[in-house]
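What follows is a set of structures to go through.
Next, two complexes with subunit A in common: one pairs it with subunit B, the other with subunit C.
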Partner chain A sequence: MLVDLNVRWPQNGYSDPVSEEELIKLKTTLSTLYTLGYTHIALNFTMNQSDKFPNNVREMNPMQIEARFKDLMNTTGLKIYSRITLIIDDPSKGQSLSKISQAFDIVAALPVSEKGLGLATTNLDIDILTFNYGNRLPTILKHKNICNCVNRGVKVEIVYGYALRDIQQRRQFISNVRNVLRASRLRGIVVSSGAQSALECRNTLGVSSLLRTLGLTNDQCSRSQGENASLVLLNGRLRNGSYKQVIVMGSGDGEDNNIVNQTGLPSHHPVGKRKLTDTSVAFDNKKAKHNIE
Partner chain B sequence: MERSQEFIKKCLFTKNFDNPNKPIDENRLRDTLIVIPTGGGISQRLKQNKSRLSLSAANLVATDSKIKHSSYRDVNKNSKIAMKNYIQSSRKVCQRAKRIAYEQKLKDKEGLYKFLKEKEQDIWEQLPRYENYLSMYEKLWLGYIREVLGIEKDVKDSKKLNMNQSSALTKLSMAEYNGAMLRVVKSINKDIIGKQGIVIWDSQKSFIMITKGKLVDELKVIPKRGTVFNFEVPINESDALQYTILGDRFKYRSSDRAARKFKGRRCDDLLYYLQQ
Partner chain C sequence: MVRLKSRYVLFEVLLSPHITNADEDGETFTKHNILLSHHRPCPKEISIKSLIQEIRHSLQLNFGDYGSGKIGSLLQLKYFSNNTGTGIIRCHREDVDTLVASLMLINKVGDIENVIINPVKVSGTIKKIEQYSIRRSSKLLSLLNKSRKQSALRVNLIDDFATVEEDLEDS
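The block that comes next holds the complex of A and B.
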């Protein structure tokens, strides 16, 4: 599994619609990622936490992945997920995550203030902690904060797209990433592209060579794109499709044999064909014939 | 002051008391009240009556000899030992039966059982039988789980099923799994993937299941750690609701589980769930 958890969804809020051009651009990005070997991609929709969300859960997700990318997914076998990134500034203004997280596969937090960082690392039920690597970090990150957060199961994201845009951002990116790596003690790191166009995609080798210069070891590089990132997907899936990670809806097998690969949010009844029971087992407790011989 | 006391004595005490000079007699209690030990009062007597009325095993068998477990801990320990012995003995018997099958070149269950019945009576008697436990699943557990989830007897159209999924999941996390038919979907141990059987005991760290085998039915102790189980609740002849248990998060005894508040944790240990 090679996972890219951050491809920008070309929309800044619920009010501005997606134009056809931008969609085509996004599709070329996705197919570029496919040729680079990625198998699981999450589209990232960024919102301010204080902004207004629609009341209806169905309208909350603007992507309509099933309708728009069905051809792409069928022909290439890519799995596409929806992700929301909440910019957290003032925690008091925010609204509850529980409703938002129902509509998206992955929930990420991007704190821009010290208070927001405190909230995101301790309380919020999120999958990813990310930062705006193009600007200065909100505060000096502490081991305790970030490691607590990682122990809770939240992964820390590094977005390499910032390093490819302009020279000012690149400088900031390097110092920020060094900071994050120091604070997280190289645990629970996830790398994603944050690509806005097809030119900002890189394959595994390119990403790992960048990360190695920043201080990750070789296996941590591959893990941050593979295992850790897929765990984020699993965490998101279990949040929506299970009761506290104990009982999961669905059979967990089938042709695809993988809970993460089943696209679409599992809100319907997990109805399937009966498999477990033997032919001798009658349905409504009729006396089955036992041959105890 | 004196006048008023005079008045009280003359007008009030003379009417009510025998001796107006001394209204409260020190010996007045002696005539009527006698303090003797009683049977403990009404409440005690009622309690005794109640306990005599209620049914219990000791009451039914022999009313005079009340057998009370001196220490529950001992009983519990003994039952565990009995369980362990049963598992070990049935495992040994299965091994012996398999060896016999190998020596006699018996390839199917019927042939083996027939041979065992004629030649090795003790093995034949001791072999655990899947069919014995099947009614535990069919008659007890299926009805129970359908009652827990509130599914009607036969839902014709599976799409019309009316159920709240999240509350159903909560109920399932508290439900009883003794007697359930489980299948191992994924595991760290690749050898146990695909094993399917009826749970005869849901212990803290493992499911003890009876599985149907090609030659003999076997008892298997399948650890919960690192294993994903699948079970289904049939709603009509062809369809069933399918659920999955993550064994890693299920490591509690069923009695503890009922009152437990589950918490989502870091899922780094569930990586095996994605691979394979």
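The block that comes next holds the complex of A and C.
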């Protein structure tokens, strides 16, 4: 299975509506990703943390994935998820994450100041830590901060779309990636496209060889788009749909409660760790043991 | 004397997709359309010459004099077909990562903008990569045929029901 955790959702805030053209463009991007072999894709909605969110949880997610992409998901077998990225500047202005995270499958943080980075690495209940690779990083990253964060289960994201846009951003991208790789000690890295159009998608062979030239090890390259990324998906969805992140009821291959990461078409071989039968239980072994004790 | 070790890279040129033509049911994003719009035949302007020029340019831009000199010492475009848009490049074994990375960073070929150069496979012998390419193309072709047949089958089924209803009315 191949996962792309970052395809830009064409909307900057709740106020501006999505036009039909932009939706078609997005669908074209998704179909290009499908041709390149991706199976699981998350649409990324970026917001400032200090901006106003709607009060109702139902209005919080503007994507309506089921309604808009159902035909595409059926014909291609893609799985599409929703993700929110919060730009964290001043921690004091932020709102509680618990409400926001109910509406989205994955929650990511993008710190743009030193304080914001401190908050994101220590306290926030997020799945992904990401940076703006086109600009300078907010501070010098420290091993301790990032490794703590990775040990908690948060993954650090590298967005290769910046390397494809212009020369200035590419240069910044390379130095930022070097910094992130150094600070994270090559652990818990996730790679995604951040594609704004169909032409910013690349397949794994290209991406992993780019990262290999930047200093990521061979095994981490393949893991960053497969195993690690699927862990993020699993973790994010367990947060909302499970009891204490451990137990889920429902069939693994059902339409409504699809927790395990299986590919959409039955002809593909199942990629989840084990095939779940009806009324089965998804376990996270460590936590389950802990709870029993 | 140690043999010269080289690698062959199979790549394909994907042109920017314009998925506009709807099929009989009015659906635009069918599997058939998606696959067809990505694998269009390349225009004449994309040739062995323009491709190798673009690759050298990308190497110079991204890896500088050192990179382009090092990789350029053994860089050949062995094969390129405009009909399928696939080609094979030969390079030194140590330089394959850099070459693939520079392929990935290409956005245009000559005057044609909006192009993805999609590296598909790396292999040590040209024979295996040819075999892989043939297998891959035939797989794609059968997938296309299958998806077209499926939509045709759907139309047939609808036609059948129509005739059954008419018969009932007659009797």
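Just so we're on the same page, the second predicted complex is superposed on the first by the 250 of 293 C-alpha atoms of A that agree within 3 Å, B and C clash if a C-alpha of one lies under 4 Å from a C-alpha of the other, contacts with A are read in each partner's own complex, and residues count from 1 in each chain.
One rule holds in what follows: a residue touches a chain if its C-beta (ideal position, glycine included) is under 8 Å from a C-beta of that chain, and two chains touch if they have at least 3 such contacts.
Remember, predicted model here, so these are calculated numbers, not experimental data.
> Mind working out whether A:71 is in touch with subunit B, subunit C, both or neither, as first, second, both or neither?
After superposing on A, A:71 lies in contact with subunit C but is clear of subunit B.
> Would you sort A:219 into first (subunit B), second (subunit C), both or neither based on which partner it touches?
A:219: touches no partner chain.
> Of the partners subunit B and subunit C, which touch A:206 in the superposed model: first, second, both, neither?
second
> See if subunit A has more residues touched by subunit B or by subunit C, and give me that chain.
Per-residue touch count on subunit A favours B.
> Touch check for A:151: first (subunit B), second (subunit C), both, or neither?
A:151: touches subunit B, not subunit C.
> Once chain A of both complexes is superposed, is A:21 in touch with subunit B (first), subunit C (second), both, or neither?
In the superposition, A:21 touches no partner, neither subunit B nor subunit C.
> Taking the stated contact definition, name every residue in subunit A that is touched by subunit B in one complex and by subunit C in the other, in rising order.
Looking at subunit A, the two contact sets are disjoint.
> Touching residues of subunit B toward subunit A in the complex: what are they?
110, 113, 129, 131-132, 134-135, 137-139, 142-143, 153-154, 158-159, 161, 163, 165-166, 169-170, 172-173, 181, 183, 185-186, 196, 212, 228, 230-232, 234-246, 249-250, 262-268, 270-271, 273-274, 276
> Any idea which subunit A residues touch subunit B in the complex?
1, 151-153, 227, 230-231, 234-235, 238-239, 242-253, 257-260, 267, 269-278, 280-285, 288, 290-293
> List the residues on subunit A that touch subunit C in their complex, please.
Within the complex, subunit A contacts subunit C at residues 24, 27-28, 31-32, 34-36, 71-72, 75-76, 163-164, 167, 170, 198-199, 201-203, 205-207, 209-210, 212-213.
> Quick one: which bits of subunit C touch subunit A in the complex? Just the residue numbers, please.
14, 16-19, 27-31, 34-35, 37-39, 61-62, 96-98, 100-101, 103-105, 107, 114-116, 118-122
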